[in-house]
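Both complexes shown next keep subunit A, but they swap its partner, so subunit B is in the first and subunit C is in the second.
Moving on, here comes the complex of A and B:
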């Protein structure tokens, strides 16, 4: 499409001498000016004066299109876009020529630099003649949030969101919220030596969740299905029957008369619970529930005693699964951990010898609401153990098939905490901790020192095995690696510090949400440092032990961040996406499905079999344009004719044309300017989404215009786009090189790293010089 | 005096490298994924090791010496105390395998003519393999097993197939046709040739050992 009659305004910024000291702006203007092209210049275009100049000139001279010659678009593109939009022009009617970082800052003060500035502006003038108005993509965001998992991470996330005014659904698969934190009697903390009562910290938060006007709590419920995408998720929840209605007063009469005892998984499987029960006294909601596998009435027998004693008629044996549909804008995954099954290490006898327990079970045994009501007793005979041996790293730091490679991060501190609790209350007890390294990271070292002072024994070594002797007493076989002695430590009770593993719920939910897991089975964050709570899908966040093993302190910190990120996402109200993404011309599409190979999975087929591009997933890399043999797919703003037009304007005889991918490579070239390094002025840069959109025609066009060499610079593999695109770009390069035959020798390929700007500058120099010699 | 069994075999067995650890990793006798560099010195091997329990052999310190490139470990008599029960291999949290490492060290020792007296009893294994297709406890050890386990040893031996079937395992004996195949393989890989050389070495070594069991100067 030719718009050569459109009136183009070219605005050149002096940048307070940064540009004007090197580039002769007067001759640039003279060279460019024509009937359809007006030229302007300004000391600082980014200043209010400069912005006013742009806006008023658009009106005064009825400009259709605007070219700005200034600093890198990375700096002020948004500002200038707003200027032209304020003056009622479409944002794609603006092009920016990089006259500072890629011209005046990298070349000396001479004619060649001014000529380069002219050619860069000419390129943009030619390019903008082919430009079409683009409509920015806006998708409304549903204002509700959903948190999956009602452990301490989910509770804290939900409360943060709710207190921020966001209506939040909290989904918990158990009958009460609280999770694993509700099981541990005491918690360790980084800044104090005293252990805190965990229920005293947790219970007020649970009650707040239960009564918060912005929280809808769905317990005994599981996420069944999730459709839609960021900002607009359609969620199906399965609410399982409790057989007790919400009007339950939690008086407990039902439980008293219930004749059936069942295993209590809250208390390590001890049979101290009735078939109708509450998980623990502080449960939220305060509603009883019936275990359908053991209730006499529900297993076909006749009982109904609970129904008979209930004064509010809350028992309902007819309850069924209920499906609930929710619409939410964002999701927080807080599905927690499972304790490693220590019976996978048979040499330690867990599940074989009664007095071998895990740290979590010891926490229950020491808890005042535990199976022994706080009495420190061993399982075999309820007697108080005097010699307690703890074994660290059970299932952690273990490359074998039955273990996990990672350090579980909580167990050293949990062992120290339990050793401390035992030593304080039972001074006669001997606690020995068998360890490989004690990882009391950060401020926890204080606590470690304090526990050492209590007379706890530490033996460095990983025990071989636990053997049972008479009276269910045990012996731990270990090499004390510090003294090279083989020891057999007698123990009344052995405590295994079992690893934290990704919970089965985490794996299930990740599968439903289609988010990526790490090789260890935890939800993988987008970037461990920069985006630690973002998942592989927009609008879905993660926190707590669903993301990696961590203690309560770290979990609370991370769940607060997940809430803040979710809140920021929802508060935006609409998702705005740059329109420079893939677009399909359906009339050209022959449904060959090649484009479905999109490495980011942005392209799919809709219900009627048409190619559908998800604007939230597509990053406009352009690889699909390579896949499409019909030319039906293009990247808005980067159509072949637009790039050809820019080449037309920019390239002169003897030039080196560098196609730079738009993120890291372009920023690296800018960084050459920022770092006052130099390269010859006959190196001309054209920005592209990625080099996968480069075609043979583009390169041949550059050669025809007189270009001596063409360089493709791609995103490095450690960039989110580059990790997928780099190998494809390399493949494209090799294919092009082949197709170009002899001329292929003049095509080059490289990847860029921002700090390694010198490498890119050297490539520019060597290509420019090499062609000089020829 | 240095013995070299066969140039080509030692290339796979005990390849010459800059460090002991490299030789161990490159040797055909160790798994490709062996985690010797990642050893934590946790002692799970030593505390699990029956040989360490009754002798001075310590697989953990043996690995440490290999990592420190302490060549004297090859001459250490205790490396001959491992009897390949593979418990260390099973229990190592780093996919290390002291029992495989010790096999490389022993081969290096043999190449240097060290430890041939300890090798003698093991040579029987080759013969049993050739004959039965599986290994068999050497005669010298059988008496020891009887001393140690008494009646239980005989019960175990006599009811071996029943015990194995209870564990879901097939009979231990190899079918006649299978034996022929195994023999052919052993022949193909040059086991018999190698065994013959080893036997000669062991014999010539015994000639140079005097009655007190001391190695004479001539042998060194």
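Moving on, here comes the complex of A and C:
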């Protein structure tokens, strides 16, 4: 489609001399002015005066299209788009020629700079003649959120969301929320050098969740299936039967008459729980539940005692699984950790010797609501242990295949906390901590020092073996690596600081949500520094130990952030996406399915077999355009004819044409200008989504126009787009080089890194000089 | 990583061991006896040489000569079409596996060795990169037995119930090559599983289970006291665990236990009531082999008469 009769306005910015001192703006204007091209200039186009000039000129001169010659579009493109939209033009009726970073700043002493500016503007003028109005993509966001996992991370996320006015479903697979944090009797406080009751912190939060008007709590429930995408997830929940209705008053009569004792996994598997019970006194919701594997009635026997004593008729042996459908806009994954199975290291005797326990089990033993009701006693004979040896890094920092390579982060502090608790309450007890390094980062160092001052012994070394002697007493064999002595430390009780591992729930949920896991099995964040709670899928966030091992302090911080990110996402109400993504012309499509090779999985087939492009996933890289032999797919704003038109305007005899991918490579070229480096003015840059869209026709067109060399510069492999696209771009380059025959020698390929702008400048210089020789 | 279900039972080159041949020839005759009973397709080649492991660990041979000898043995395996190199000795296993990894990954080593072969006119020995795979072409005999444990259990002719058995797994199998062992290197259970399939009362964990036998190649000669101290500690743990039979998978460990147990008894003034066998000898016995002609128990230093009588085998 040709709109050459449209009225185009070209606005050139002086940039306070940054552009106008080098480029002769008057001759530029003279050169490009014509019947249907009006030219304007301004000291600062980005100022209010400049913006007004653009807006009023659009009205006054009935401009159809606008070209701006100014700084890099990375800087003010959004501002100028808003200007043209304010003046009732479509945003795609604007093109920006980069006259500063890629022209005046990089060729400051070159007479050809003005000519280059003219050619860059000509390129944009030709390009915009082929432009069509594009409609920005807007997808409504469902206002509800879902948090998966009711541990301390999920609780904190849900409360933050709910307090922000977002209705939140909190899904927990156990009968109560609370998670692992509910098992820990005390939490340490590094600033007070003290230990605080953890249930006293957690219980009020749990109650708040239970009564919050913006939270729908679904316990004993698991996510079964999730469809849809960001902003519009369709979730199926399976709610398991408790066999007790919600009208339960938690009076406890049922539990008193229940004849069956079962193992209590909340209390290290001690048989101190009835088949009808609450997990712990502070459970939320305050509703009993029946263990169907052990209840006499539910295993085919006859009992029903609980039903008989219940005053509110809450017992219902007929309850079945219930499927619940939810619509949510965003999801927070807070599925927590599992403790490493220490029996994988039989040399430490866990599961073999009764008096070898884990820190998590010690936390229960020390808890006032624990299996010993707060009495510090060892499992074999219920006597108080006097010599306690703790072994650090069990299953952590372990190169072997029975452990994990990473540090679990919490265990040094957990060991110090338990050592401190024991030393304070039982001054006669001797606690020894066998460690590799104590990692008491930040302010925790103060706590570490305080615990050292309490007389706790530290032995540096990884024990070889724990051996059981008479009376269930133990001996820990270790080499003290500071003195290089072999030691045998007698112990009444050995405590293993077991690693934190990605929970089975995390793996299960990640599989349902189709989000990426790290090598270690935790949910992988999009960027460890910049996007620490975003997952590989938009609209799905992660926090707590589902993302990596961490302690309660870090979990609270991260779950707050996940809630903030979720809240910001939902509050937008609509997802806006730039329209420059793949679009399909269905009448040309022959269903060859080649485009389904999209490396980002943005393209699929809909129910009736048509190619469907997901606008939330497509990043407009353009790889699919090369896969389509029918020319049915194109990138909006980057159609072949648009790029050909720009080449037409930009390239003159002897030029080097550089196609730069739009993120890192384009920014690297800008950085050459920012860094006051130079290269010859016959190097002309055309921005593309990625170089995978470059065709043989485009290169041949550049050669025909007189270009001596063509350079393709691609995103580096450590960039989210480049990691998929770089090898495909390289493949495209090699194919093009082959197809071009002899001329292929003049086609070059490179990747760019922003700080390594000199490398790109040197490539520009060497290619420009090569032509001089020719 | 190696998976038990992928262990082959054909194309097996049963790799001869110098220590087996010299010290306990019954291990080899037992292994071939079992292989025949299990229908395993194997070859024993007289062209094959020692792996040089002993010389290597005594610092007599360097890695280059060791690798060259390995390349020569690999050529024999290839020529005969028996590419799954399967030693009875854990040192042969580790030495060959390591040599193969080097030949595959280190171009300089490979080309040096190949040029030596060329100069000597031994072109048929030249090793081509990746002609063997250091994971998929190297097994220990115990892994083959493990993969056939069910079958072994069915063919078993002896009632081992109530016989307290413990295993000593070899360091060069599960420590040096820990990534490629079957199971958990902190808790090797290969021998235990095979013994269990024959109905033995297996002591899966005992103090010092993963401690070395103490031999340490030259250590038993140059550091005799330390070496025997380690062995003594291990024998004490086995005694504590009330074991009657200790099973081995490496002739070097077996020498250290069986030959030196009487020495330690004398020097430490103690007495041990247990006997030693290689896993191959144990399985052969279970499958009905003659204790003398096949198992070669008469070559042991700790006499097995009493033990064999206890399980109803006449010797």
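Assume the second predicted complex is superposed on the first by the 770 of 774 C-alpha atoms of A that agree within 3 Å, B and C clash if a C-alpha of one lies under 4 Å from a C-alpha of the other, contacts with A are read in each partner's own complex, and residues count from 1 in each chain.
Just so we're on the same page, a contact is a pair of C-beta atoms (placed from the backbone, for glycine too) under 8 Å apart; a residue touches a chain by one contact, two chains touch by 3 or more.
Quick caveat: nothing in here was measured; it's all calculated off a predicted structure.
Superposition of the two structures on subunit A leads subunit B and subunit C into a clash. With both structures placed on the common chain, the touch criterion links A:418 to neither subunit B nor subunit C. Contacts of A:397 after superposition on the shared chain: subunit B is touched, whereas subunit C is not.
In the superposition on chain A, A:478 makes contact with subunit B only, not with subunit C. Legend: residue contacts after superposition of the two complexes on their common chain; A:486 is shown touching subunit B, with no touch to subunit C. With both structures placed on the common chain, the touch criterion links A:467 to subunit C but leaves subunit B unconnected. After overlaying the two complexes on the shared chain, residue contacts for A:347 are found with subunit B and with subunit C alike. Subunit A is touched at more residues by one of its partners, and among subunit B and subunit C that partner is B. In the superposed model, A:436 lies in contact with subunit B only, and not with subunit C. Working note: subunit B versus subunit C after chain A overlay, options 9-17, 63-71 or 207-215, clashing stretch identified as 9-17.
Applying the stated touch rule to the two superposed structures, the overlap between the subunit B and subunit C interfaces on subunit A comprises residues 347, 400, 465.
Contact residues on subunit B toward subunit A in their complex (touch as defined above): 35, 38, 40-44, 46-49, 52-53, 58, 60-61, 87, 90-95.
Taken together, the subunit A residues at the contact with subunit B in this complex read 347, 393, 397-400, 403, 436-437, 460-465, 477-481, 484, 486.
Listing the residues of subunit A that touch subunit C in their complex gives 344-347, 352, 400-402, 465, 467. Of all residues in subunit C, those touching subunit A in their complex are 1, 178-179, 184-187, 204-205, 207-210.
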